[in-house]
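Below you'll find the structures, each written out as structure tokens.
Below, chain A partners chain B and then partners chain C, in two separate complexes.
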Partner chain A sequence: MSDTVDRVRARLGDNANVWLVPAVILLGILYPFVEEGLQNLPLIGDFMPTTGTLVVMIAFTMMAVGLNIVVGYCGLLDLGYVAFYAVGAYTAGWLASQHFEQVTFHFGSSVDNGLVGIHVTMWVVLIVAGLLTMLAGIVIGLPTLRLRGDYLAIVTLGFGEIIPQVVRNGDSFGGFNLTNGTFGIAPIDPVGFPVLSAIGFFPENFQTSDNRERWYYMIAFLLLLFTIFCSVRLRDSRLGRAWIAIREDETAAAAMGVPLMRTKTWSYALGAFFGGIAGAYYASFKSGAFPADFYFNVSVFLLCMVILGGMGSIWGVTVGGMILAYLNFSGLSTIGSKIQDAGIDFDPTKYQFGIYGIIIVLMMLFRPAGLIPERRHKIELEEGVHDTPFYDVQTEGALTDRNPADD
Partner chain B sequence: MSEDPNLLVATKVRKEFGGLLASDDIDFTIPRGSIVALIGPNGAGKTTFFNQLTGVYKPTSGSIVFDGTEVVNMPPHAITALGIGRTFQNIRLFSQMSALENVLVGMHCRLRSGILGAILRPGRVKREEAESRDRARELLVYCGLPRRHNERSSSLPYGDQRRLEVARALATDPKLLLLDEPTAGMNPQESADFTAFVRRVRDEKGLAVLLIEHDMKVVMGVSERITVLEYGAKIAEGVPEEIQSDERVIEAYLGKGAVA
Partner chain C sequence: MTDLRARVLRTLRNPKLVNSIGLGLVALVGVWLVVNFIKGPQEFVNVALDGLTRGSIYGVVALGYTLVYGILQLINFAHGDVFSLSGLVASTILLSVFGLTADSSNLVVIGGIVLTLAITVPLFAVVNATIERVAYRPLRHAPRLTPLITAVGMSFIVSNISLALYGVDYESGSDLIPQGAAFSIGEINVTWKLIVALALIVPALVVLSWFVTYTRQGKAMRAVSQDTEASAMMGINVNRTISVTFFIAGSLAAVAGLVFLLEYNIRYDTGFELGLIAFTAAVLGGIGNLAGAVLGALVIGFVQSFNEGLTWHAPGGDWTRSIVFGILIAVLVFRPEGILGERTPEGA
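This part shows the complex of A and B:
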């Protein structure tokens, strides 16, 4: 009996409500089609994000879900996640743009065959970007994951600065232009369906199709679902248990046969993997990889999403990510214009990080486990610690079987 | 290879922390299938010695051979995989995880599914998960935890947490079980139950047990051989009767005047 309950619970993951997930997915798919209607609504219409904004929101949420594997599951504070975003974006830049004009190589690309440079179809680029970022995660992870707690955070902070710095100044590695320096790499090829387009409906190239935003949104939405799916599956696996065990007590985990280095490195590598895919996809959407995008504040921004949503809680991080990304890319400016309309001279976009800071402070004070706390944290906070009372209330005065030495 | 009658042989194990000598060339053996105890006053270096057996500390010099393998330079998880399971003096459960999950973590090194297995979850992995869950439940029941398997481990009563630690250690499928003060905080009845339980585990699972213990009733009742440490050095070794009458031991515990 309890086994069935277990199985059902495992299948549902964080959700007690079976219908919530399919409903959200359905709404997600329908959104671009009802977008205009929603935007014409009185009062709230102006606050509805455009489909294009949603693509950006989803890309950042994907990164937050990836970061959650590192910070939320394994308990490793990573302050340099922006490095993985950068590696992903530049992989797209290298494999799908005119950057390497020395060669002309096309593989299922959605752009004109005559263009110089390497042009690999974005589908392959996404996979390669994920794998390359994973490799970057392992390379960064191996020397640093031996450190504990604060020390690890400081070293990741360092790497988060090193990689963007290299990218900014990578226009001449011994004369070889790797990253095109401060100008970045642009344009990056759009996503498309070079093979499927033969049967119609599917555009060969999102950029030139009638519904650029809508197509980008649909694929982004699928990528996010894929990330969440993997993340849930990993959490409920042998590896996920090992991550959480390390988070809870590293020494005990090692004594139970969990190889610390390997397990931590995997959390780093897998967290990086999704960041790389998101970075590459976003680079394709905005058609460029620019070094100005890879500053430390992105790492902090992503970490804020994880904290706001609830460390370790996939659904929480997804919601937290969408909320913060929405505020950052559209919400605050909408609110700002409303305030201006009301005749008050105040622009909240100028104070964006201050506002996120206030949100984090308030969260820590009033809801430390996040918007949707991880199941484990939730149990702790709601039920408190189970305790047998010293005295049996019914038979007044009689001692219960509780042993005073246990306290 | 003919089987060595000793499961573990430690030779001249020495551990220095700066100027402090925590293990002073300790020689120590654990015969297969035996229950042996390590006793000594507080600060005698018992837990330090334990930590060297399990790879948490690396000895300054000396050798520890477990079941034919030198383990001195091995990381803790590899030593666990070889077959040394342990509990901790101050309970170290994974407090946010359920009792069942705690035991499942203990099985980590005996399970095989990897990352792709976790994501794709093919039949092989599903079967492995289901089997390990069944086995974990059995172990919990075996260790005296018939209920509350899905409850967060830190919400269990103290005695159950101790039992859970043993269940988790047994989940690693050990040949040698190390118990660090397992009856600390238990009342006499619980201690007696626990003593019987340790003997039962040894008999039924065919493993050797090394325990650190302060409760002399438990120590004398359950162990076949006792080693006494003081200031990091071994001062006595023998069967319980010998230890009880050993002058140096009495002196170490009660002070010099007590012998006369």
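This part shows the complex of A and C:
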């Protein structure tokens, strides 16, 4: 037993409490069943999110964990992650809705077999969405990953702006309606258990089942655990160590035989993969993919989650993601209504992105390693990476404490 | 298999191939322009003049990006938002404090514009330098990603300050300048818009280029952007030089903000998109290169106007953003050093 505990501890990092993770998982599973009780509590009851809100929070946290692979592990600033969310959501729209009314194709779908359009079961759609988004990541990555970090940021931002515009204008590509323009694609099929439903208990269709939110929540929770698991395993893999080497010193990594382009492209592709799955799942939950959802602010919102939690730190990003997503989708408006009740005319939801901006700047200035810092990244920030200049321009010509003999 | 892959990769990386694809794209655009010109020469020139108006405004904003990038290698995302805040403040001063309306006489309007500039230019110079002092200076030794992320955060803070002060409504001072053409040559109309834009922007550019070329501080700026450590060793006060750079960038943003207010309409998030366009212009011209920024901005201005104004096979306004970013990506892939930039060993 203690052997297992040691192994888990080694996997999680020195400071992690081994029992914390199972405890959080247990609480997570129990939450929907005690939700009403919690919401009736005095004072804090109003601040308890509903199960539906939790699904949204988890979807965005998944994207943040995906983004963390690109930004946190590999040190590539991606300002266009929203593009992957869009690709995922539209894949769900294409493969599981009545959008392509020219054909009628059903594959294990949880909706009525007579409906026109392509209806593939959401389980397959999730995987296809992940793979397609991965492909999108590679396509975006190949021409741009050769560029220096800050150029990469602006190019990804460019893609993040182009894809929503393509989606918005995509109702007539040479007469072919690909994305249905500003109206978006709706409704998108719900998740369900088309085969297992024969046993009973498992609903064939979440939408029509008695506790839609609860089912969506449970699956979302599993997907999040899966994402975190993959993320931990990737970090400790050969590929993950190559990413971290690139983040710390690209030249040295290349000299040690790390293939830069391939490694970076993998980080892009795998980071995109989870964004695609989360996007498709969220699209199914809210039963639609609309171009208005995919704008630059979402990318910054996700980036802010990563920064708040700690770049490269999986647990940090998960916590940061849950906190910010909570604030965004329920907390700020609750706080706002409390403030309004107190008679002050101030609506914090209007300034949400100003608040995220302040969080970003304050974190960068005072706690750049994040709420739950990753050990290694913290050392990089505190001791500097090895391309610091000999001369400290800040104190005009004073030598830094770096000793050239140590290099 | 490996052999084939290696061969394909080698072909793809062949600079000749990359160059000829790039030139092919440029040639396509050229053909498109020529056909449009033949189909309607007057319309074409009018659209081009509109592009000149836009391009000159983009140029002033692009200079702000390129100056800062040249000296700190930082994309100052907040620059665009400083620009729109300055335009909004200018609207308060012009329209509310001075109370100018469409009926005011020309002399009063000109006086009002000059006085407004006298207020907003120093104000936003200080605002921009303060942003540098507070948010970027403490991070000068952090990994490169850190100040870049901070700049994104600052951008949101500044745009939310605009939102808090001015709400979501558009402000416009376009009533103040005469509509329509100042004079016409044949069917080609030179609009007042263009004249006002050039009358404000050209002097700003002349002053800037005099400052950078001839003054001591301007020389210091160029020295620091070439080699920070060496200039520190030569006794240049690096911090002051960086502050001066932000100061100048801020005053350029204020000029651009006022011109934009007079020609179009502006609100809290105008600066975000315009900033991206201006940054693209700076990259297109060769980032860090002042003449390049203006040239790139004019090109982008023309591209935007041609795209929205021409009739033969133009994608139209819905696609402007995609086209501008498409250009950005194409430039970074085919010619990362920009039109006027020099090829550096490490690439772009």
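The rule we apply is simple: the second predicted complex is superposed on the first by the 363 of 407 C-alpha atoms of A that agree within 3 Å, B and C clash if a C-alpha of one lies under 4 Å from a C-alpha of the other, contacts with A are read in each partner's own complex, and residues count from 1 in each chain.
To be clear about the criterion, a contact is a pair of C-beta atoms (placed from the backbone, for glycine too) under 8 Å apart; a residue touches a chain by one contact, two chains touch by 3 or more.
Small disclaimer: the values here were computed from a predicted structure and weren't measured.
Q: Considering only the touch criterion stated at the top, classify A:340 as touching first (chain B), second (chain C), both, or neither.
A: Touch partners of A:340: none, neither chain B nor chain C.
Q: Which of the two partners, first being chain B and second being chain C, lies in contact with A:182: first, second, both, or neither?
A: The answer is neither, since A:182 touches no partner chain.
Q: For A:158, using the defined touch cut-off, is the partner it touches chain B, chain C, both, or neither? Pick first, second, both or neither.
A: A:158 contacts chain C only, not chain B.
Q: Per the contact definition in the header, classify A:238: touching chain B only (first), chain C only (second), both, or neither.
A: A:238: touches chain B, not chain C.
Q: A:169 contacts which: chain B (first), chain C (second), both, neither?
A: second
Q: After lining up the shared chain so the two structures overlap, which partner does A:144 touch, if you call chain B first and chain C second: first, second, both or neither?
A: The answer is second: A:144 touches chain C but not chain B.
Q: Pick out the shared contact residues on chain A: the ones touching chain B in one complex and chain C in the other.
A: 380, 385, 388
Q: Using the touch definition from the top, list the residues of chain A that touch chain C in their complex.
A: 71, 75, 77, 79, 143-144, 146-151, 153-155, 157-159, 161-162, 165-166, 168-169, 296, 300, 303-304, 307, 350-351, 353-354, 356-361, 364-365, 368, 380-381, 384-385, 388-394, 396-397
Q: Considering only the defined contacts, which chain B positions touch chain A in the complex?
A: It comes out as residues 54-56, 75-78, 80-81, 86, 88, 92-97, 101, 104-106, 108-111, 113-115, 117-119, 121, 125, 129, 133, 149-152, 154-159, 168-169, 171-172, 185-187, 190.
Q: Across the complex, what residues on chain A touch chain B?
A: 2-3, 6, 229-230, 233-234, 236-242, 244-245, 248-249, 251-260, 266, 270, 376-377, 379-380, 383, 385-386, 388, 402-403, 405-407
Q: Name, in rising order, each residue of chain C that touches chain A in their complex.
A: My answer: residues 73-75, 135, 137-150, 152-157, 159-161, 163-164, 228-229, 232-233, 237-239, 272, 276, 279-280, 283, 318-319, 321-322, 325-326, 328-329, 332-333, 336, 346-348.
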